[in-house]
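Heads up, the next two complexes both have chain A, just with different partners, chain B and then chain C.
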Partner chain A sequence: MSVRTALTVPRLRRLDPLGALLAGAGAVAAVFLPFVVLKSNRIVPGDPRGLLDALPAWGALGCQAVLICAAIAALGVSNARVRLGAALLGVAAVALAVAAAGDALTPAGNKVVRVAPGAGFWVLLMCLGLMATDAVTRMRPGPGLRVLFLALSIVVAGLALAHGTFDHLSVMREYAVNADRFAREARQHVWLALGSLAAAVLVALPIGILCHRVPRLRSGVLGTLNVIQTIPAIALFGILMVPLAALAAAVPLAAALGIRGIGAAPAAVALFLYSLLPIAANTVAGLKRVPRAAVEAARGMGMTSWQILTGIELILALPVILTGIRIVLVQNIGMVTVAALIGGGGLGTFVFQGIGQTAIDLVLLGAIPIVALAFSAAVVLDALAEVLDRARQ
Partner chain B sequence: MPGMAAILRLAALALLLGFLLMPQSFAPLFTPLTQYGAPPIYDQGNLLTLALAHLGVVCCAAAASTLVAVGLGILVTRPSGAQFLPLSRTLVNIGQTFPPVAVLAVTVPLVGFGEKPTLIALFAYGLLPIFENTIVGLQTCPPQVLEAASGMGMSARQRLLSVELPLALPLILEGIRLSLVINVGTATIGSTVAAKGLGEVIIAGLLSNNNAFILQGGLVTGLMAILLYDALAGLERRICRTAHLE
Partner chain C sequence: MISVENLSKQYGATTVVDGVSMVIERNSITVIVGTSGSGKSTLLRMINRLIEPTRGRVLIDGHDTTGEPAHLLRRRIGYAIQGHGLFPHRTVAENIATVPRLLGWDEARIRARVEELLLVFQLDPGAYAGAFPHQLSGGQQQRVGVARALAAEPAVLLMDEPFGALDPIIRAKAQDDLLDIQRRFGTTIVLVTHDMDEAFRLGDHVAVMSHGRLLQYDRPAVLLTRPADPFVSRMTGVSDRAMRLLSLTTAGEAALPGVSEGPAVAAAASLREVLSELLWRGADSAVVMDADGTRRGYLTIAAILERGRPG
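Let's turn to the complex of A and B:
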């Protein structure tokens, strides 16, 4: 028996199924899909170019070599750190390649020709991103490390953008035209999302505490807030526009404060209303989780009910409340987009303008920062909630 | 309390149907909101047709996402798909940070204007809640129950169909409800990319500065979303009750 075991040829390690899927999809994208699209102006359909036609030979070969290494790592390496490193190298190679393609294909001084990333680029980026995400998930990084990782990615992306690496790509061309407006709309976007969140925290925390103390109120109040959440954003904006317009017409002070039927006011009010449910419901859930013994002990020590609430109950409920705030912030960042339809400003302005002009580059100029903002907010608040939850135990 | 809810529900349904079937009889209510003799009731299309088209798009997309999401959820919770499980959870988390509008906006240039981008965006975005709830539902089946099923000689397939899926059904239904409600909202925005739906009324109001259109579009869409949510919650309770009685 032992002889037979010794004689068997060591079986080839089974291929990683996820890696095989990603490597296969990436290979198909690299070979058959256009890496970039060359358009003679910003709205016409473009002329697809593969990796080899878009780059100088050394660049294309270098990029392919890195991609092949990443594919090998995806297929045969099980160490998560190596896989992450390979995936990130791949991302860097693809990003540099698309930037180089932009530089190579744009005639000097020509401001009309657009070089847009093609389907091949996006699929490759997605495969590499999935590989990196999978590796990070397997490494189970702690909250601090996750935030550090996010900060590093932001710094690298920021440096590349500041250096002008991507300046010849179509999205950055749109940015160059809209730079002033972009800063203003981005500020408006963040301001609307954070302002309505802050107002909602101030109102929803007391509502949640009240619902916890008076169980009779709970189903009625939370049920009403739930109904509000169900109304689609644009419908709620529309419903609010009429009373706000009437208010502005009747009360000159309201109009002077910038309250109008159209613009940011209905958007801010609607976002505030949407934000109430997750925070109030999570406050109730968090307070319910506070161990009765802790409250009894505090009462035994002679603490007043206000001291117990602020010193014990709310502190212990904080991680759950923070989870509610995370839900609201991510939801708000996404929903502010729709505010652009009613003149509320924000990055959605570019999205809807882009849809109107069938200019995908303009859509991306709005959509990419929105997704990046929402994603960063989710990572940071998740990490914060986890740190607090650990401290609590 | 339940009596009150039933009355409210019936009133909302009656209001919605009344408005969709006989919109002109509500004209006096909306006239004060119009200026310079603009029409008080949406006149660029039949409201009922728009509402049905809206519901149709939402339901088609939800049916497709249910099939795919439940299938994928089953796949990643089987031993053969276990390797995909951690990644798929992370992906669901990341996916939910994408605003539905962004998904819609990015689809347009790829497939053109009309129903198609709306359907695709609704389908893609609707996958997330159903997939997430399917995974949670299948993973939280009590291990004793699963062991008992295997002990009775059930094959993996039988166990899935007659034990695991029925136990996960309430959560899966909740996922479908969430995704339908999100879809009703996203489909409204679909009108900006020329899909037929109730968003058209609101957009027409915004373009012609007619508050009456904006308000009625908002009210009809809001009522529809609330009634749909409520009806599905009722259906869920009903199915769960019969499942527990058996």
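Let's turn to the complex of A and C:
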């Protein structure tokens, strides 16, 4: 008896709590939720299909076998590499299954019928994605390896899209219709996010340095930026419309440059204003982290203020400043979406059009790339901050 | 030679340094000692103009220090502080090379100087040149801090409580090293400390400060035997002043010509150490030997005791 407890207790303890939750949720999703939804056109509610109804029997069984393996790995395997491998295999199986369901359920030559991924697919994808992320975290990969993982994922997804693997799915149908607009709005999205970030860095960095040098300014300046941060985006667009419209009316050059009460100009200004606080605050925090003795010694040895700032202080503060830039970039990529409301363009255009037409596929055409962009930006900037921090500690 | 002329610093109504005048001799170690808030650090920092004086001036070799931009002045004066202040993102070699780089030395000369200094401070260049400060022990970091201050061969080295963060054993070693360095490079060193033992151990001259005023500035023995102010005698300590006085003279300096029986003592040992040795051994006299083993002379307990009295 005691021998049996000795054997079973450690085994039970090894049952992974997160793995159990994910496996449970995945199992419920696979069994009870529709894997795909078959709609007779892009707007009407659809007809839910389970994995077995959507795929040829061998495909459904194969996919289920892979999912069961992933569940076993999630529950009982502690080796992070195996867990990651199982999760990625699961993602591949689910993705291929949904693509195959699209091919199987779409009648040949029919451009009206839509096969959309169902709740079951999304929950499975989320569970497997979390399992993969968790496994990656446990492996503690270096920054280079994390960027490599990201690049590989992008290449695989890109190849699958280019190959047309998902062409029969509803989202890709929407893409096919909107292909040229998609490229334009995606460019506009990235341009708005990066442009407002660059302008904010140019302004917020000196503000942060000034707040560090003159402590009396700190609470007032950061407080003001904080208030801006609390204004809802829509309200800020509204507030900016009046002065920008007046500017365009008064100064022909401004109007010629595309500055108007609505459109990209107020969107860019609003994003710029939102970006100031995280960068300025992190600049102050980063500079505060610089050892006082190092600055004192630098001054005592005859370095000029500029040499101390650029050669010592900013370099030691850079990892913290980069964290602020990361926050802003991810925040901007998300917030540009709302700019579509005032004609600012960007991928949000598809989101709001989709909402207007109750065409959820169109919403996804905007939303999925936004999430992917934000996630990629976060991974890359995190890695960069870590590389710098490691080199300079 | 550094001349401090009637130097004062005021912040609003508060006077931190009050009309200090002193002449610091070339090739010597001058220690400024005082309690915290005595103005000793401010005085030191006015020499390289990290703090600009309210009144008075500082001359180095006859030239007014305000005659050139402050940062150029500081590149000619070494500066070492408590807690070393090494740049955490630069290697030991890069840290030491800071001022030579600012002065635009060529790379070969910088490399040679860095290597020389690492050897002087007993750090193997192969092992430490490429190391980062956080990989060093506290004593090693402190040595690199002093090496960095000396990198551009300054004639003057200012040190602000340089050994304050070290434990007693490492501190004693660092003080010995500093005496060696001073002899080797002939640098004029001005050092600030609150530790009277350190002042007596290192200083050719000691300046005692209190409430911004310079109370006395003289050789350590004079501070003991003829204190100018009750505060000076409190700082130097009354209870063991005789022993302190003995510690200021070496056996070699006090040795009597002639031959005597007794244990051998080194000429470099202080009279305090010789007396302790004689008490321990129950002997009345000692033979003073030079480092190369030749007899310098002899010492008796009575002769040593004679040296422990004022005047």
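Note that in this section the second predicted complex is superposed on the first by the 379 of 393 C-alpha atoms of A that agree within 3 Å, B and C clash if a C-alpha of one lies under 4 Å from a C-alpha of the other, contacts with A are read in each partner's own complex, and residues count from 1 in each chain.
What we mean here is this: a contact is a pair of C-beta atoms (placed from the backbone, for glycine too) under 8 Å apart; a residue touches a chain by one contact, two chains touch by 3 or more.
Just so it is clear, the structure is predicted and the values come from calculations on it, not from any experiment.
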| item | value |
| --- | --- |
| First, second, both or neither for A:Leu316, with chain B first and chain C second | second |
| Which of chain B and chain C A:Arg299 touches, first, second, both or neither | second |
| Touched partner set for A:Ile333, first chain B, second chain C, both or neither | first |
| Touching partner for A:Val123 - first (chain B), second (chain C), both, neither | neither |
| Partner chain(s) touched by A:Pro291 [first = chain B, second = chain C, both, neither] | second |
| Touched partner set for A:Val94, first chain B, second chain C, both or neither | neither |
| Touching partner for A:Leu169 - first (chain B), second (chain C), both, neither | neither |
| Which superposed partner A:Ala374 touches (first chain B, second chain C, both, neither) | first |
| Chain C-contacting residues of chain A that also contact chain B | none |
| In the complex with chain B, residue positions of chain A that touch it | 16-18, 130, 133-134, 136-138, 219, 227, 230-239, 241-242, 245, 261, 330, 333-335, 337-338, 341-342, 348, 351-352, 354-355, 358, 360, 363-364, 366-367, 370-371, 374-375, 377-378 |
| Chain A-facing residues of chain B, complex | 1, 33, 83-84, 86-87, 89-91, 93-94, 96-102, 105-106, 108-109, 181, 184-186, 188-189, 192-193, 199, 202-203, 205-206, 211, 214-215, 217-219, 221-222, 225-226, 229 |
| In the complex with chain A, residue positions of chain C that touch it | 48, 50, 71-76, 79-89, 98-99, 102, 132, 134, 145, 148-149, 158 |
| In the complex with chain C, residue positions of chain A that touch it | 291, 293-304, 307, 312, 315-316, 391-393 |
